[in-house]
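After this come two complexes, each holding chain A, first together with chain B and then together with chain C.
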Partner chain A sequence: MKWWRHVVAMELRKILAYRSDFWITFLGQTLIQLLVARALWQMIFDAQGVTEMQGFTLEMMSLYYLIVPIGTRILTGESVGFLAREIYEGTFTRYLLYPLSVFQYKTTTYLTYSMFYAFQLLIIYTLFRIFIAQAAFTFTDFGNLLMGIGLFFLAATTYVMMALLIEMISLWADNVWSLIVMLRFFTSFFGGGLIPLTFLPSWTQAALEWTPFPYLISLPARTIMGLSTLGEMGKGVLILSVWIIVFVEFVKLVWKRGQHKYTSVGI
Partner chain B sequence: MKRYLNLYLHFLRFSFSKAMEFRLDFTFRIVMDILYYAVNIMFFKVIFLHTPLVAGWTQEQMMIFVSCYLLVDAIGMTVFSSNMWWLPHHINKGELDYHLIRPVSPLFFLSLKEFSANSFMNLIIASGIMTYALSTYSQTFSIWEVVLLIALILNGTLIYYCCQMLMILPVFWTQSSKGFMDLFFSMGIAMERPDKIYKGWLRVVFTILLPFALIASFPARLFIEKFHWPTFLHLMSVTIGLWMVMLFVWKKGLRVYSSASS
Partner chain C sequence: MIQVKHLRKTFTSHVKEPGLKGSFKSLFSREVRTKDALKSVNLEINPGEIIGLIGANGAGKTTLIKILSGIVHPSSGEATVMGYVPWERSNEYRRQMALIMGQKNQVWWDLPALDSFLLLKEIYQIPQAQYKYNIEFLAETLMIKDQLKTQVRKLSLGERMKVELMAALLHNPKVIFLDEPTIGLDISAQKAVRVFLRQYQTEFKPITILTSHYMEDIKELCPRVVIIKEGQFVYDGSLSNIQSMMGDEKVLSVTTQDKTFKVSIPRHELSSKTHQIFEENDVLDLNIQDPSIEDVIESIMRNGVRPT
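And then the complex of A and B:
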């Protein structure tokens, strides 16, 4: 099992290869999404003359939109889409020669990005608490933060399985990039990335309850904010775990059927 | 001019025949863009469940604004997005020579060579959404106001293009794989919100320095709230300024470009 350390180290080197680009993009993305969301909701709160909407004050809304963009990056990683491209280009062969499963390798590379973004979330959230919210960082807050990050990791594992399942379709179709983008749209809207799920009509919330989507972004973000109960977290963990098992079985099945379709180019 | 038009017709012919080779991908992309449109419309529908006005606009006015930015996005995706995707690759690999030695503007060639036929269908769908938004609008308007709206949307597309180029061109200096393309896509959210939500320094940023709020919000505002000369002049002057800045950075970038051959 020592191989994963080497894979993680290699991926970290890749992430940090263009440091200035990486940090400018990260800080820019986080700041812009937060500022635009804050501006929109401030106008809505002011126009309505209220201090709370669907259980969110303006400050809570700001915190939510601070966590969500980084949380979404933990969830979606960076390396999704590469497997499909490698299958299309015929360079997938190298993974068949590696002394480890391609799926283990891909999941490890993917979760390395998630790990790095989780570290960023830890820093940004701590800075926000201390300098912007000017609130004491209690033991409970720290516990919520760790539980939220843990949930984001479980969500990321579910997401990578969904993405792998889609990428396997490239054994039949030429290009599945658009399907992966569709998954992102679904996750963003039905996962609470665009708007907190409590704003959706109650019938939509009920329809989503047993799907993985509400537990991919909304639950971990709310957990970090201390808005989730232990029961909600337990239910989320259970539902995500079941979906992971389902997706893993599907990935195995599709791979079993599709691998004979693969045509390689060199090694 | 005729030469450029002929060249562009060749680009179109080639792009359509290429797109038809990958029919399943062609279908997937249409579905993907429909989903993107649906998500954007649903976002505002959900907000309007909780408030009657957003930035002073009613739901039907907001639909006109949404259709404006969907149309800008569709034009961008169809006309130049594929080219933007490959531009950092050409710069990093030193493959610009092929374009620099041709008797046409390299900027024209690199920006418009790949017409995305897959997205062309979505351009039709986005136009349909705008037609629907205008046909269900309860206020009266003249055909000239619609013509002006379309012209301003095309101007918005030019701003969108310049902003995207300005995020990619740093690749000449950084040699990174995508430049600040991810940042550009994140900034796209500023285009998707009405400009009136931005106050103070944030307004200066999104209406002058990184004028994402001018792309769709100003055209929609000039249509919905009737024509306002200062708003129009602001839009035009920022567009011209942005175009000149983009050309300046492009020329500077070409000076530091290193070829891989020749």
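And then the complex of A and C:
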């Protein structure tokens, strides 16, 4: 068996090692976020006295906020500071000793978490559609769900490269926590994690068009809801793929210089 | 074979004045301090050899080990380990090398050791038969068989160190760097680790560099020692030669009403100095001994090498 399959298996064992944490993440977090968003949007719809805003009804909005929190978890994978924290603490040393690429290893562990959350989305969304929304759940809907999850995975690969790039700055600056938080905020705000992107001014939407942000959360979420065309999906795949190549090259460049700075000091 | 030529490493760090004022000041300007952790050191170690690297805290022992294991890049100089430049970190080199740091965990904290070992088997591409033999051999020699299915974080410090040793040696490395492998262990665990390391050295004959603050580790395992002081080697030779370096001296251990102290005295001054000590102190007990290895090493670390 290839090493990466063992890494995937081992990371899954780590996720499953703590029962309460597993169930809280699996159900609690998703339901709380959904209920809070639903209550807020209900108030906004009521205050405005409308049944539709920027192409979203309240039911569609609920669906969007069911997908987005889990989708954001697929995107952000392992955890904030997954590399910076290890560089800061000196535990990064372990990966330099293994006869394999440290970035392949870290990307594999990161995407394992994404895979776990994708499975979570598959289960929760299917259950929600069938039992709570009591809507017809056709093969087309299931196809949209799988395509959306595929897009979330491509988005997660893009995001991990962006995160690696920023977290490697800790080779120079030790603590880059604020930069990581900024990346999360930008991704959430310009990616459609806080509000659907159709609520942003049109000039902002136009400015974001060639950046990776609209394709990180909004595109996969809209695809799952059946709101994206094949053309939009194709464009998203192309733009994310180009950004992945660009980020990979930058990661290589920064690592080439940054590895000289690593001192392996820490806890 | 390990060859090190004129290896240097300089670290820089920021210095902050204590207190809130210092914290505010450091937001705008910081003093950068440079420290030479290694000052042009040279070293040669032959295949199958085990050497003890001794020095005070901050002398440069761990820095040398980090450079030779490829984790840290040197500031200048050359080093090859079995023909490989360590900091190029070729997979071929890393498959033949192991680093064990007594103060850092390398196995996965949340999982039983056997899960970590399975992953290491794949990473190092260890054949099934060799893996099975090594698990048996290492677990039995280290007497840790029953703990391998327990989460690592729930093991005692000694058990964790044994698990670390197993993880590092599963792939039969030809070069082993041991950085304080017995630190924090109780006496029986220290002894078990020493017995194991001796047995492992006899069976697999790797090149080994061992650093330790416990002289027992060095005395039992290392026929050759290198003493490092402030980034420079001040002694490189056999352990047995060390004692003869102070052959002209005797150590007086004196206990008085208030204190206990040791003094090194040239043999020809023994009579007069002993007399003086009796006159100046209310002596309860006095011992005259040849200097121990610990005394000699301490003296070398403090004063450098003194010819006999």
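Note that in this section the second predicted complex is superposed on the first by the 259 of 267 C-alpha atoms of A that agree within 3 Å, B and C clash if a C-alpha of one lies under 4 Å from a C-alpha of the other, contacts with A are read in each partner's own complex, and residues count from 1 in each chain.
By definition in this document, contacts are C-beta pairs under 8 Å (C-beta built on N, C-alpha and C of every residue); 3 or more make two chains touch, one makes a residue touch a chain.
These numbers were taken from a predicted model, which means no experiment stands behind them.
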Chain B versus chain C as contact partner of A:Ser188, first or second or both or neither: first
Which superposed partner A:Ser202 touches (first chain B, second chain C, both, neither): neither
Chain A residues touched by each partner, larger count belonging to chain B or chain C: B
Partner chain(s) touched by A:Thr140 [first = chain B, second = chain C, both, neither]: neither
Touching partner for A:Val176 - first (chain B), second (chain C), both, neither: first
First, second, both or neither for A:Leu96, with chain B first and chain C second: second
Touched partner set for A:Thr51, first chain B, second chain C, both or neither: neither
Chain A residues contacted in one complex by chain B, in the other by chain C: 18
Touching residues (chain side chain A, partner chain B) in the complex: 18, 20-21, 24-25, 28-29, 32-33, 35-36, 39-40, 42-44, 47-48, 53-54, 69, 173-176, 178-179, 181-182, 185-186, 188-189, 194-195, 199-201
Residues of chain B touching chain A in the complex: 22, 24-25, 28-29, 31-32, 35-36, 39, 42-43, 46-47, 49-51, 53-55, 174, 176-177, 179-180, 182-183, 186-187, 189-190, 193, 196-199, 202
Interfacial residue positions of chain A with respect to chain C in the complex: 1-3, 5-7, 10, 13-14, 17-18, 90-91, 93-94, 96-100, 259-260, 262-264
Contact set on chain C toward chain A in their complex: 11, 66, 69-73, 89, 91-92, 94-95, 97-99, 101, 104-106, 108, 110-111, 115-116, 118-119, 122-124, 151
